[in-house]
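Pasting a structure below so you can have a look.
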Amino acid sequence: MKKLINNPDNVVDEMIEGYVKAYPQYVKRLSDNKRSLVTAKETREGKVGVLIGGGSGHEPAFMGYVGDGMADGVAVGNIFASPPPDPILEVTRAIDKGAGVVYVYGNYAGDVMNFGMAAELADLEYGTKVGMVLVTDDIASAPKKESEKRRGIAGEFFVTKAAGAAAEKGYSLEDVVRVAKKANHLTRTMGVGLTPCSLPQTGKPSFELEDNEMEIGLGHHGEPGMEKGELQPADQVAERLVNEILADMPVENGEKVAVLVNGLGSTTRMELYIMFRRVEQILSEKGIEIHRSYVGDYSTSLEMGGCSVTLIKLDNELIELVNHPADCPMYVQK
Amino acid sequence: MKKLINNPDNVVDEMIEGYVKAYPQYVKRLSDNKRSLVTAKETREGKVGVLIGGGSGHEPAFMGYVGDGMADGVAVGNIFASPPPDPILEVTRAIDKGAGVVYVYGNYAGDVMNFGMAAELADLEYGTKVGMVLVTDDIASAPKKESEKRRGIAGEFFVTKAAGAAAEKGYSLEDVVRVAKKANHLTRTMGVGLTPCSLPQTGKPSFELEDNEMEIGLGHHGEPGMEKGELQPADQVAERLVNEILADMPVENGEKVAVLVNGLGSTTRMELYIMFRRVEQILSEKGIEIHRSYVGDYSTSLEMGGCSVTLIKLDNELIELVNHPADCPMYVQK
Amino acid sequence: MKFTAEDLKTFLKNVVDVMEENKDYLSELDRKIGDGDHGVTMSIGWQAINEKLKEELKTEKDCGKICIIAGRTFLSAVGSSVGPLYATGFLRGAKVFHGKSDLTDEELVDFWVAFIEGVKDRGKAELGDKTMVDTLQPALESLKSQFNQTRDFVAAFSKAVSAGEKGMMSTKDLLSKRGRSSRLGERSLGNQDPGATSAFLILSAFFTTVNSVHTV
Amino acid sequence: MKFTAEDLKTFLKNVVDVMEENKDYLSELDRKIGDGDHGVTMSIGWQAINEKLKEELKTEKDCGKICIIAGRTFLSAVGSSVGPLYATGFLRGAKVFHGKSDLTDEELVDFWVAFIEGVKDRGKAELGDKTMVDTLQPALESLKSQFNQTRDFVAAFSKAVSAGEKGMMSTKDLLSKRGRSSRLGERSLGNQDPGATSAFLILSAFFTTVNSVHTV
């Protein structure tokens, strides 16, 4: 494990420091908690606040998605560990413009407990209305009949996009929650891992694979996946992922989707485009229309090798929200 | 070497196919040559065309930078190999709107010969005026007194930005060439490599390093660097790179720069932000003002580990060009 | 047995040390079935408590306050899954100790009842879900019944630690149902749960402390 | 000696085979001092020529056209540094062969003069810069002087190949001045230049061809 870092104990704080210095036009730290970041622009009174967050190690998620048309603030945790309630609460207070705050976060035991505690405290201590949107897009993490147990992975990008665009368009708290839940409900992701990542503090690989193996349906934190399998050509991997997604969420001929082919960290864009090529072929064979595509590193697991494919099925309301412009440090859409 | 690919011989063509399918609103292929891509939008009559290109393996460079405010077209070569004259010539013809075309490319033997042949042919066969801008930002590739021998690496981003913005603002061919050369003249880059990349066709690492070593001043294609050295903490690496750059191009207290901390492929954004943190500290200690920062993978070497630091010294004209918006698949700036 | 605020702080310090010693081991267990950070997380949290022990808590005599500060410090430092779980344990336990600087055997039992019920409340895990509850729940049951029968806290806690250890070992044969490892299904079999292990370490550290107090 | 269009195609096929055999070796040499692709590039380019040999060139009798198609095909397939270099060699040589289907010894000598001058023109490398010119230039000089003295093409080309080989070997002790490896400075010492090696393979393949024509 070779990393360009200083003391492994300080990586999160130093990362945030560098990030904030790099994008002063976009984000600032709250004075109360150095892991609480909010948009540098003054947000409108009466606008619903959108709060994201989770463990670090997924950069550009989550802090890269604070900006116009996306989130208003982010709470940053230790690597692969939910932030505690404090920074969530600080961000909540800072971005509440009188219309309440929506939390968008992945369905992990830690996040559920910490965001839940923060929401309770926000209500109790400041009377802030908080809406909760759990992201559960990872089809490999639980069978369909227990879909409420599924974890959140790369699809959180689309859920955040829906919430952020809706909030900017002036939707009420209830409506932001509604469209974000709808986006989550219509989003499915599955991934494969080729090489592990390692935590700066342990230096140990998150899983072990032979040279000819891949981990199918792995988690977002180097958690082992559903199964190990022989490394397949990109086309077959794409087929496996898309077919599992479509089996879980049928999309009819003529329906529209947005596609995200997400790199997990060390996989080249060359490979991601090659994966996308096959994804597009499969969808167009089925008459499914790709409304918009996203290919790149949107949510990583440190330097893990591999990728995930996400589909979100779009109705007219979601199309409008996907088309809505965004201006964040790590994602700008005109 | 584990890669998500099909046949290694087809990676470049499959990548381009996927890329074009992912971003139909941005780019299209020319029918004459499947490695010739141009902007999907109709460009204005009388606008100077900006053509970029080089070997593939540097994604999102170069093809990610075709769009408004950047390049009008790109010629894509084999991995780490200049494109031949044909695709360059096809792109030239397609983007010439009567005001000529400017080629922006890195100073490598292959690119110099191939772009040179294409320019000659464009003039001879179609009477197209071509301006040539060689990028020579890599200070590690030759000493200052032979700076015309230096190679082009990540700094090409700024040179393309200057040329693309100027062309969109309606500058003449001579003026686009002038500002692009000025941008190159004021741009310096130096990088370090931690882990090698491997070509899909050989599967061999581009260089060998011990677990505690880094390659200082390495090239953009896995070429070995100036020297091997012991792996240092991020702060010291940042100091080394910034100090070498400032020794080569002094920047005075009060002067302005833009900064690019570029990942070479498999280095996490966490590490890049940590590197940026120290770069910013050094510059602000010296009273150098950071006008704008870019942190991320702008020009990679497949899955190489490591990063480079680029500074461009800005006068008022360059500030205006850096501020100019851009809208490309891999880089959007409002 | 007389258990003072100083003893409570000694217990916390013992946990600090035992987590530091077992940092790699706990991460290794988590690497097999989770995201590999459990040892790192415990170390970060307990080191933060250690800082408090050296400063703010140095002269603190209120066992309730000590537990509140321990719980809040741990939570703020780590977040994660174990942050809310162990923090809730300490905060619920703090109510039992409120305003007290010397603790009776009964209060110690009540503390652990509140602690463990707090963990269960927060996480909603059931026995057999392959979590720290598989250590804590049997320990609690043993502690309660033994203490009711014998009124000998040290002996009862010794039995509780053994029951917790057995519970911890049992997680090896369980299919994970909660937390990150639950997606693994069959592949989680054979691996001991990291949180069940850290919970056992906390119980043993308490027993070590009690034992030295007792024998002095 | 009578050298026909068929022989010219045999020569090209011999190069196709020798580049395939040496693909890994050439990439390995490039990996040490360059970007590791030289064997891959040569293979891509010569395989493209091989396709032409199997189709378009199958019945072609004009040696000039054969060289033009070889040069253009190679260039279009690879770009890179060697694309323009070897392509210019073939295109310049094509002028010598223009409209001819049988070639005299004099024409063969003139072909190689034009080929090698073309490479030098295109790349502007000098002897000692650690490039393919270090193979080609000594080969050319030897070919010219030997052929002028003896008028025996086969013997003269044999000497030329040896001179080229010596030149290729000499690149081991040279500091690189051109191409990717030039940034290496002292670290380029001890490594043989990949382009000098592929140039030598081309010359030897020509000699093999000539030799078999000659001895038939």
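Annotations for the structure displayed:
Note that the chains take the letters A, B, C and D in the order they are written out, and that residue 1 is the start of every chain.
Here is the rule we use: a residue touches a chain if its C-beta (ideal position, glycine included) is under 8 Å from a C-beta of that chain, and two chains touch if they have at least 3 such contacts.
What you are looking at is a predicted structure, and each value in this text was computed from that prediction instead of being measured.
Both chain B and chain D are touched by no common chain. Via touching contacts only, the remaining chains, with chain B excluded and nothing moved, are grouped as A, C | D. On a Cα centroid basis, the chain most remote from chain A in this structure is D. The chain pair sharing the most C-beta contacts is A-B. Centroids built from CA atoms put chain B at 29 Å from chain A.
Chain centres here are Cα averages; for chain B and chain C they lie 54 Å apart. Separation between the centroids of chain C and chain D, computed from CA atoms only, is 75 Å. The set of chain A residues that touch two or more partner chains is empty.
Residues of chain D found to touch two or more other chains are absent.
Taken as a graph of touching chains, this assembly forms an open line, each chain in contact only with its neighbours along the path.
The set of touching chain pairs reads A-B, A-C, B-D, using the touch definition from the header.
Within the complex, the chain B residues that touch chain A are 2-7, 11, 14-19, 21-23, 56-57, 59-60, 64, 192, 194-195, 211, 214, 231, 233-235, 237, 259, 261, 265-278, 280, 293, 295-297, 300, 302-303, 305-307, 327, 330, 332-334. Across the complex, chain A meets chain C through its residues 9, 55, 77-86, 108-110, 113-114, 117, 140-142, 149, 151, 199, 201-202, 204, 206-207, 217, 219, 221-227. Of all residues in chain D, only 24, 27-28, 31-37, 39-41, 44, 75-85, 122-123, 178-185, 187 touch chain B in the complex they form.
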